[in-house]
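Given below, in the form of structure tokens, are the structures.
Shared between the two complexes below is chain A, which has chain B as its partner in the first and chain C in the second.
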Partner chain A sequence: MSFVEAILNGLMVGGLYGLFGLGLALAFGIMRIVNIAHGEFVVLAAYFGMILLTLTPLPLPIVVVCVAATAFVLGWLLQLALLNRFLGPNPVPSMIVTLGLSIVVRNLLVRIFGANIHSIDIGPLQNVGFRFLGLSIGAVPLIIFAVALLLFFGMHMLLQHTTLGRAFRAAADDFEILETLGFNRRRIYNVAMGVAVALAAIAGLLLAMRSSFGPFSGVERLLIAFEVVIIGGLGSLRGCFFGGLFLGVVQVVGLKLAPNSGPLFSHLAFFVVLLLRQANLAPLLAWARK
Partner chain B sequence: MIAKTPLSPYLPMLVVVAAIALAPIDRRLTMEMLLVFAMAQGWNLLCGYTGLLSFGHHAFVGLGAYVLYMTVNGAGLSPYLSLINSAVASVFVALAMWGLLSRLRGAYFSIGIWVLADSLRLLFAQWDWVGSSRGIVLTPASIDPDTFADTVFWLALGLAFVTQLGIYLLLRRRTGLALTALRDNEAGAASVGIAVARNQLAAFLISAAIFGLAGGIYYLSVLYVDPTGAFDIDWQIRILFIVIVGGVGTLEGPIVGTLLYFGLRELFRNAGDLLLIFQGVTAMIVMLAAPGGLWGLVQAKIPLQVFSTRWTAG
Partner chain C sequence: MNLIALENVDIFYGDLQATFGVTLHVNAGETIAIIGANGAGKSTLLHAIIGLTLARHGRIVFDGEDIARVRCDLVARRGIALVPEGRRLFPSLSVEENLLMGAARARPGPWTLESVYELFPTIRELRHQPASDISGGQQQMVAIGRALLTNPRLLLCDELSLGLAPKVIADIYTRFAEIRERGVSIIVVEQDIARARASSSRLYCLLKGRITLEASSATVTLDDIRHAYFGDFLP
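So, the complex of A and B:
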């Protein structure tokens, strides 16, 4: 795999990382809830997809839709039954509750499926690819990237052009005004958490077709989602998308350089971005212009 | 002025320390309990009083352990004296972390420090000099096998005692009043001139030093360290469970929580990961039903405070 191919692969994985971040950013932007169990939902979706693919004859696209719908209901129920009790300016109680949930999900997965690493086999499609300018590009990564793009575009349309999307944005800005307009903010929150978890689930299932997963992969997915949100900026679809692409490229190229480094390079890139943000670059840029 | 209590905490403290020191108990388990308790109290100072929720304090457990191993194996120092290096290194790394995370507040801080802890785990797993992911064995020349287990136990007891006494005395000073004000209302505390960031930094450094020491002592006792174990998020989960379920923002809560945690661990000894599932469920239920934790429930019934840090006017 050449460097150019690594970068292309990174971009394709990065689209999914962007979706992870988007789910986390939606929940934080609208409900002020940091869902620590976000990564566990990502992994849960991969397990559920794997079960559906092996036990039922359903074709892959239907499985993706099934997983997304189940994830939506799960997120909706989570907000309705649990998280709506922890609304308010203090984010600590909801973080501890979702941390508790993540521990439960992670260890239930270990109990049921064991600590082994799994991967999703999608049959002959895996090997389909084509050559372009001397680079070999797989069909699967391309399809995955297209789906990620499509979901970002769909979220953009939802947020900008539907009543629900406007209600989401209003809830993020000022929920009191929203309630005087006759909206029930808790109901909007339920739907928003459903959408957030569904986005994470689709991305999790698609990622499982490219790389393996286990019960302990959730932490890594959560940390990546968090880095995407910080790099891209909260409340920006475009920021999440490009933040995800950046981290995807860094990670795939990093793994090419040091195969056992895991997410180390994306962590380091994240801290470099943090440092650059803190540094006062204005005088330096002015000096460079002279 | 500090509110008067009928009972001074010094006598009960001395009795407990004497009982732990003299009773014929399993010193290996007691040592672990004391270390975990000290860490819980340090984390409680940070989260319970200054409101900084850290999900990455296992970074200091691993750091304390690795710094100890590096100085003992590399420079041939006495392992007991090298514990000072664990504390100092933790404080310096904590300072650097503070600089890096200074723009991240609230929830961002919690996960930002988690990313830092994970980065340290991955870095140590890449570092050949400390055995990369295989870990390293402690090779001290100066360890006397006859007294080693007891010495480690005394160190743990000392750390737990000094932590409890030190934080108690700290909270009885003006600093304590500032920290308690911070705990109850951060904006209000800032508005009457309490330096929020400075107090948070102080608590962060103190907690880092305690975690570094505790990590050093624990891994000194096992004579082997590897990155997966030393930087394991389970350290953080354990501490969080103890403080939240025991009662966050009180000096008694971590004591109750530690006893509860180790009681549960003995109970679930043959049940494997059921203990973790139970911990997660309990933390959720406590947040739902009794956010003040078990000690909060006790205090709601009887206004008991063993470690009196409450101020009254006058």
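So, the complex of A and C:
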């Protein structure tokens, strides 16, 4: 695998990372909920997809749609039944609730599936690829990247060109005024959490085709989502997308340099970004120019 | 015929009582003004009417039904709209998107995007600008337009003149006649007493949460207003 191939693979993984971040940013931007269970939904989707693929003859695209729809309902119910009770200026109560939820989900997964690592086998499709300018490019990574791009584009259209999307943005700005215009903000929140969890689920399922997952993978996924949001900036679709790509590329290229490094390099890169953002760069640059 | 009547309304912020037994009414098609000093409870009253804060005691009867404990979005859908103090446009939406938010859950009625643009021609040219980029006066027009697009029967206007140039304020108030013509009743909360008198048929003065004056705007004397406003009831 050459460096160019590593970068291409990194972009694929990065697109999914971007989606993790987007779901988290959506929930925080609109209802000020930091969803600590975000990573668990990512993993839950992978398990659910695995079950559907082994127990039913459904083709992969249908499975993705099924998982996404189920995740939407789950997120919608979570907001309706639980999180709407903890709204308010203080984000801590809902953080504690979702932290508790993440612990419950994690342990349920261990109880049901055991602590083993799984991966989703998509059969011969895994090895389909083509050569282009001397590079071998897998069809699966390409499709996954296309799906991520499509979802980002779809979210852009939703947020910019539909009443629901405008209501999302307006709720983030000033929910009181939104209510004086006749909107029930809790209903908007329900849908927003549905969308956020669905995005996480699709990304989680697609990622499971490329890398393994276990009941404890959620924490790692949540960490990535946080890093994406912090690099990309809250409330920025484009920021999430490029933040995800950055982390994905750094991670895969890092893995090529040191195969046992795991996610080390992406976390390091995130750390460097944080440092650079804190640093006062102007005097440094002036000094460098001398 | 009363469109809305407040009967002995007490509003609290926690343990702090903001209004004491406020009773007032608006007839259908009428414009009334509520004047009073800072902190008198004017905005609080408007917020209680639309349901952003809940009245602890008393009744708010709108079109024959008590709405004192009805949720804000449901009150809005019954036909009450608020132009909030400080305008509070959605900053991440464009001017037109702000207006569309008003129209999205609207009751049937005469107000459309087109008729709002006719009322305020200036904002038509600005419709694709971010709402945070336009001037205060233009923002006020958008805030009024956004509220009108819900097709309210009662429009609550909170400190329209706050922070705006006198010419702009006059320009905005001249549109009130057109708004009234379409059957909208209006409650104006104002610190500018001359403006409040000129635009209303009756006015109420609020002092430390209590109504101290109810009078016809045309005949009330400045002395009466001064006494009600500052609380020195002795002549």
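The criterion applied here is as follows: the second predicted complex is superposed on the first by the 282 of 290 C-alpha atoms of A that agree within 3 Å, B and C clash if a C-alpha of one lies under 4 Å from a C-alpha of the other, contacts with A are read in each partner's own complex, and residues count from 1 in each chain.
Simple rule for what comes next: a contact is a pair of C-beta atoms (placed from the backbone, for glycine too) under 8 Å apart; a residue touches a chain by one contact, two chains touch by 3 or more.
Because the structure is a prediction, the values reported are computed rather than measured.
Placing chain B and chain C on a common chain A by superposition gives a fit, with no clash between them. After overlaying the two complexes on the shared chain, residue contacts for A:87 are found with neither chain B nor chain C. In the superposed pair of complexes, A:268 makes contact with chain B only, with no contact to chain C.
Contacts of A:174 after superposition on the shared chain: chain C is touched, whereas chain B is not. When both complexes are overlaid on chain A, the residue A:97 reaches chain B alone and has no touch with chain C. Residue contacts after overlaying the shared chain place A:163 against chain C, while chain B stays out of touching range. Contact with chain C, but none with chain B, is seen for A:184 once the two complexes are overlaid on the shared chain. The larger set of touched chain A residues comes from B, when the choice is between chain B and chain C. An angle of 90 degrees, to the nearest 10, separates chain B from chain C at the C-alpha centre of chain A in the overlay. The superposed three-chain arrangement places the nearest Cα atoms of chain B and chain C 15 Å from each other. Residues 47, 51, 53, 55, 100-104, 106-108, 110-112, 114-116, 118-119, 122-123, 125-126, 133, 233, 237, 240, 244, 273-274, 276-277, 279-284, 287-288, 291 of chain B are the ones touching chain A in the complex. The touching residues of chain C, counted against chain A in their complex, run 50-52, 71-73, 76-77, 81-82, 84, 88, 90-93, 97, 100-102, 104-106, 146-147, 150. By the touch criterion stated above, chain A contacts chain B in their complex at residues 28, 34, 36, 82, 85-86, 91-93, 95-97, 99-104, 106-108, 110-111, 219-220, 222-223, 226-227, 230, 258, 260-264, 267-268, 270-271, 274-275, 277-278.
Interface residues of chain A facing chain C in the complex, by the touch rule stated above, are 163, 166-167, 169-170, 172-174, 176-185, 235.
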